[in-house]
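Alright, structures below, take your time with them.
Shared chain: subunit A. Partners: subunit B in the first complex, subunit C in the second.
For the complex of A and B:
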């Protein structure tokens, strides 16, 4: 059972954060809120999201699992006005979700949760460098890097405590260094990994809206991003596998 | 081969286009290998061969068809048949006979210089034997492509993996997967884009069948679909003489399946066959692990052992590494 209302903005950010990587997901619903964890079809990136019941204007739920075609919801997002209130209601059979906003009532058929990939276990990673940077600053650097290359290295130097983003294309290069007040270290350690900009651009839109994003980085290891939204009542985590450089 | 459900399924076929097929595909390995063996041939029908006379059509197919799939954002997982169920013996014997006759006919056509017939008979003489299977598994491992050994029917295994959500859809040219309960079946993605039908060359596009839509549209249950198939004939029984797809549906709708199925030659009690389709032996603990290709191993195997030209293999490898160097999270889970 699920019956809830939510501000359009928070609904949009929730859908955007997940649809950046996957077309469908399994949503776990209970009285505390909603959550999902899922890996993209290529097994390269993972997204986890939690939104507390308190982020909703009204929220009544009993524990259940819903198979959501996120892509369908994303494609009707443009219909939702900025200040609309979105109401969500699971029908009694549990097979359809009614999404109402601004005079529209949109009923979507849910996916059979059995046909959605099993929830992945969050891996245990050795990521020595942990720090926070402003989300917008990070996303700007990703967008700029996309102009010269399809990959970017993220690196932390333990000596200087500078966070360096470096994208090298065939002929051009873009480097962005963050230091001083722009980076807040929880642990500063040597780390360097290379990543696909395609994935970072997809994740970057949601990261860019966050006031700050926590980054955990290792060497030739996946990178982990985490940030909050909906006034701290929602949290998003991304995990991205590295590209391994050829010799 | 397989079950002749085609006429009943025509209206449920979707044409997803390649862009709608991104995901993990559980491919019926025997079915795909058979297609490579029968389809990838020289003009006179002889398969591609290395210096020692070993067939290499399947290796060529595995390299280049997989490159195609991976470029289209499809992650293939090959599922190999295990030991056939006992009630498949008669079908297998028949296939062997067809193959042997075709081999004779091929030889005869070659002697007579009839190239078109030679090619046709050569295709029908294709055989997935132990050498083909072992060399395929070896190449897949070197390519970093996952493969899984089924205890019995590969299609049963693919169906189970699709049901459990570990793969996006099952891939086979046969419709048997639907009988094993595959919720999502895709055809024509391991074949080349062209197919010769009665001498004409036609374009072939991916087709998708969703079991839920098929059952709802035909207004039958999974068990009734199996009954319909048994009346028409499957790999495990001959079918009732004179009963085609439409009549079979009628018989099942009228609840007369058990009155008529006795007219078919069945390798086992009908209920036992139904039970096999509903709950076949499958491997439940499997791991789907895709890795980047190991170029040295692939070149060693294809160029070193089987005399492929290095340039061709490198071109294929480059396409396989479309996301070159991109690791997957598997390594850390």
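For the complex of A and C:
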């Protein structure tokens, strides 16, 4: 059972964060809120999202799992006005979700949760460098890097505590260093890994909206991004597997 | 079955040249597979991802494969392309490049035959904004998890070209042997089901059902084909025969069931959306659920138009509305395979014809029945005069044999020296044709379906056809070296020539003198091109005449 209302903006950010990586997901619903964890088609990127019941205007739920075609919902998003209130209601059969907003009522057929890949276990990672940067600053650097290369190295130097993003193309290079007030370290340690910009660009849009994003980085290890939205009542985690340079 | 094991079997078979030994290897493996794995295994062995009746496509060409591979190994696309240009065999290039990989994953998984199949199905059904990206990521996933040898066969499967010498015949023999089912039962079931995977599945699980299979609506079966022959020898052998016009059109199979209609091409591709008018005409012509065989011809200003006109319509996917006004299409139906759920292919032709006439209130192709060679000869000339290609002679007792090119249907048409060959490559043109392909390299096939080059053709192609051909081939390029490009071999040309000569310049051992392009045969599959055997026959026939 699920019957809830939510502000359009929060609904949009929720859908965008997940649809950046996957077309469908399994949503776990209970009285505390909604959450999902899922891995992309190529097993290279992972997204987890939690939105607490208090982020909704009204929220009533009993524990259940629903299979969402995120891509369908995303494509309908342009119909939703900025100030609309979106109401969500699971029908009695549990096979359809009614999404109502601004005079529209959209009934979407849910996916059989059996056909969705089972939830991945988030890997236990030892990532030595942990720090926070402004989301927009990070996303800008990703966008710029995309102009010269398809991969980027993210590195922290323990000596200088500078966070360096470096993208090298065939002929051109873009480097962005963040230091001083722009980076807040929780632990400063040596770390350097290489990542595909393809995935970072997808994740970057949601990251860019966050005031601060926490980055955890290791050497030739995955990178983890976490940030909150909906006034701290929602949280998103992205995990991206590194590229290992062949010599 | 782990995919690595599947790859090892493919490798063994690839190194086996004997057809018999190949069938033995398969017959030994079939019983070890689960009910779910068997049909997939059978299709994969032949480089098929879907049943033969299915119009489903993976939507994955060589270009996406290059992108996926470049991504996984962390090299530029151009590096991959040049490796393929140097080696030629995509499978083997993938195998050697996969030794080094750059992208890591959260979970590396050993590939399983059914998972691989599942990924392919997912790729085929993906649509919308991100479909290309999703296909690419699926391919990246597969290549990231594959051992180099698995990579070789994954790449070939993605391009649906296995080329390990497993043909339909070998699979049928192996199924028969593995499950102790007589080969005629296998053959018959295959004709109706048009999916060797399902035939193998039934042979394993419930062989009794193989004799009861029915032709089902919206699962097209292969069309019955005809050999060349002569009127006199047919009359001598069979006496009374049916003679019908041989239309210069495009063969189709029309299905109607439960108020729904679909039309399929000779290659069993669904053409319902391209031919809405023809579908509508046939729908109105019967109240029964039917599967019928026929040919559609094009008429403009009351005159029959050449076959090319129809192909242009079929190839066209947009602006159907405009095209339907310029030319009229007219279907002629001449056989019926199923009526109101009952499979009719085992009935004699005369009986099927009676049923066809009773269920259709229009478009039944005219026919004469005669045992007089003179009368048939006159019918032949009248048919030619009214713009047809010739006539078809059909044995009245003959069943409908899907996919069979036997002696029960004979085509009579004027001698023309044209042959159907597959295009394997081309050279870029010169001057104002520099951005087009100038001459095309053609191949025939040997008995294993291996392609042998036999000729080049450059004449007979006008500017508009050149640009059509450029559009058709530009996404089929698998290798490029200097001015020469290699294509995925799946487009068939009909080519005319003055004489067939022995030659050491081409792999086939023959060459065409004065080859000229006659037309595109979009309706023909690469498996239907000229064989080395029939070339040899042509050669001896030609020399006898001199």
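Here are a few things to note about the model shown:
Assume the second predicted complex is superposed on the first by the 247 of 247 C-alpha atoms of A that agree within 3 Å, B and C clash if a C-alpha of one lies under 4 Å from a C-alpha of the other, contacts with A are read in each partner's own complex, and residues count from 1 in each chain.
Please note the rule applied: contacts are C-beta pairs under 8 Å (C-beta built on N, C-alpha and C of every residue); 3 or more make two chains touch, one makes a residue touch a chain.
In this text the structure is predicted, and so the values were computed from the model without any measurement.
Considered on the superposed subunit A, subunit B and subunit C are sterically incompatible, since they clash. Counting residues of subunit A touched by each partner, subunit B versus subunit C, the larger count belongs to B.
By the document's definition of touching, of the two partners only subunit C reaches A:71; subunit B does not. In the superposition on chain A, A:242 makes contact with both subunit B and subunit C.
Using the contact criterion defined above for the overlaid structures, shared-chain residue A:39 touches subunit B and also reaches subunit C. Applying the stated contact rule after C-alpha superposition, one finds that A:118 touches subunit B and leaves subunit C untouched. Annotation: subunit C segment clashing with subunit B after superposition, chosen from 166-174, 274-282 or 436-444, is 166-174. Across the two superposed structures, the residue set of subunit A contacted by subunit B and also by subunit C is 39, 41-44, 46, 120, 123, 196, 222, 239, 241-246.
Residue ranges of subunit A in contact with subunit B, taken from their complex: 39, 41-46, 112-118, 120-121, 123, 125, 194, 196, 221-222, 239, 241-246. Subunit C makes touch with subunit A in their complex at residues 71, 73-74, 76, 100-109, 126, 128-130, 134, 137-138, 140-141, 144.
Within the complex formed with subunit C, the subunit A residues making contact are 23, 39-44, 46, 71, 75, 120, 123, 170, 196, 222, 239, 241-246. In the complex of the two chains, the subunit B residues touching subunit A come out as 22-24, 73, 75, 162-166, 168, 183-184, 212, 290, 292, 323-333.
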